[in-house]
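For reference, the structure I am asking about is given below.
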Amino acid sequence: MKLSVDRITKQYKNKIAVDRVSFELTEGVTGLLGANGAGKTTLMRMMSGILAPTSGEIRADGIPALAENYRAMLGYLPQDFGYYPEFTAREFVEYMAALKGIEKRKARRKTEELLEMVGLSDVAKKKIKTFSGGMKQRVGIAQALLNNPKILILDEPTAGLDPKERVRFRTLIEELGKDSIVLLSTHIVSDIEHIADRLIMMREGCIVWKGSQNEISCDLEEFYLEKYEDLLVEA
Amino acid sequence: MDLEKTYDKIYRYVYFKINNRSIAEDITQETFLRFISKKGDFHDSDIRYLYTIARNLCIDEYRRVKPEPLTDEINHSVVDSDNTENRLLVKQALEKLPVEDQELLLLRYVNEESVNTMSKTLGISRFALYRRLKNAEEKLRLNLEVEE
Amino acid sequence: MNKKELKAMLNDAFYAPEPEEKQSFLKSFPPRRITMVEFLLQQISYIRISSWIVFLAIVAVAIFGSAFGIGMTEDIVTMIMPFSVAVAMVEVNRSRKYNMAELEMSTRFSLRSVVFARMVILGIVSIIILAISSPVIAGTFGGKALQVAVRVLIPYLITMIICLRVERSTLGRGNGYISVVIAGAMALFISCADSYTPAIIACYRELLADWGLLMVIALFAIAFYEQWKTVKTMEAFA
């Protein structure tokens, strides 16, 4: 599968959040790096079909991002999400399954499977509002995987996770990258250092660097900072 | 229909007949593709057609490669160690049953198909199926006792 | 050896190595088709019990009021029907209130379909309430069921139109319960008009006898248009 982002721009009244960004993704893990406010979230929202770009096109094997068929193969974890206060972890995931058009019995099985995978089976019956940040984030990851997404977009997925959870999460992402397109954003270089095949670095709505991690000979963190220093000097 | 679960069931069924992962998986996928090219969509009751297609594909496969039975590099025994001995015993007891009886037990107790689905798949009455199942269970029990 | 042991034993004996291409193969299938009815039924289960209680209460008032011959029954029903609008609005707006909207927009059935489904369900429920209450009231206190329905519907539809408009405005976005306030104001207005300006009310009722149905149809059209606009604004992510 090929996911192509073609000259995407998002302009708000007086601010360009994403400025003519183009790239192509195939199966594998891609890291989207950039400081807060670099336009990562706006870009990911457009790639998740929930925000229409001002101009440009996003298509996966020809299917436009705003179509139902696109969303049917999408898993999305927003940077910040809420939940209905009465929901337990299980109810939340099952509700998302319903919206993803998954049949009831399958939804139930998948929910148990995923809650098990993110290590929340024993608290499946507890209300999400009693959860810690890391637990809530794991519920979010579980819902994103419900429909075996071909395209998985994760906005700051490691936020709130403790070191042990981070390690487990990295293994999971690596596994998913084998037959899905995974795009994950972060501002923490070490999160993607070993799992991302490709990197996209953003600053002020533009891509400052994209390529495979092999192309970077030095330390990734160093390389990343260097890219940003350059820009500062130019500015 | 829960496609993932159905995939597992058909795959297990074919693997039982073919004993080779990659061929079993090819046949499983071919089964799904043939079904969908005819019917277009999956419904719960369609599982019996899938079994029928799978069985026919297995027969074709037997015909194609008759002489040497294809077996995986005996990976059964290496998977988990504490159960290996027991599993081997059950396997031996099972293999003494006619293949038809083994098939019944697989469908009923591993794939957890209903008596209704099974009788339709196999084209026999529910009563006959019930009797054959009981019979197969009894034989297995006896074989196990002998082994022990 | 019981059935459970037999199952476990056979599961073990009929061991098959994990399939390797399952996920990638199954992903190549198109998504399952789902009918609108199936989706609506699914959404019904996600409407909260408290909302159902409000709806039930309205029907209960109509039935018990009539059974005990309480003369105010129709007025009370007219006054509390706007609250069913409020309940519906709160129900529909929960996505935004609890920050679920972004997630709901990214799923196959996007937020728009969810909002639409909830509106359809709650609309049908309101019609059912009306279909039960009006004949009961008309049967007890005299008059035609249709006339009772018209008298109940007009403030109900006006409340709905105001609520939809306000909810879309910036004022409504910040306040999840603004609809309740609007419904309360409407109820208060009806009750005041009933007590202090009986002459005007009498005039209004006479007018309704001739033009009521037409007014209801017009208000329905406006309400429908407002609903459509609300669903449409769900496209834009704020």
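Which chain is which? They are A, B and C, in the order written, and residues in each are numbered from 1.
Here is the rule we use: a contact is a pair of C-beta atoms (placed from the backbone, for glycine too) under 8 Å apart; a residue touches a chain by one contact, two chains touch by 3 or more.
Note that the structure is predicted; figures quoted are calculated from it, not measured.
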| item | value |
| --- | --- |
| Contact-richer chain pair [A-B vs A-C] | A-C |
| Reference chain A; chain at largest CA-centroid distance | B |
| Inter-chain centre distance, chain B versus chain C - centres from mean C-alpha coordinates, in Å | 50 |
| Centre distance in Å when chain A and chain B are each reduced to the mean of their C-alpha atoms | 40 |
| Approximate Å spacing (C-alpha centroids) for the pair chain A, chain C | 34 |
| Multi-chain contact residues (two or more partners), chain B | 3-4 |
| Shared interface positions of chain C, touching two or more other chains | 26, 32 |
| Residues of chain A touching at least two other chains | 103 |
| Complex contacts: residues of chain A adjacent to chain C | 45, 48-52, 68-69, 71-74, 76, 78, 80-86, 95-96, 98-103, 143, 147-148, 150, 179-180 |
| Contact set on chain A toward chain B in their complex | 103, 105-106, 109 |
| Footprint of chain C on chain B - complex, ascending | 3-4, 7-8, 11-12, 15-16, 21-22, 24-25, 28-29, 32, 36, 41-42, 72, 75-76, 79, 83, 86-87, 90-91, 94, 105-106, 109-110, 112, 137, 141 |
| For the chain B and chain A complex, residues of the former touching the latter | 1-5 |
| Chain C - residues contacting chain B, complex | 1, 3, 6-7, 9-17, 19-22, 25-26, 29, 32-33 |
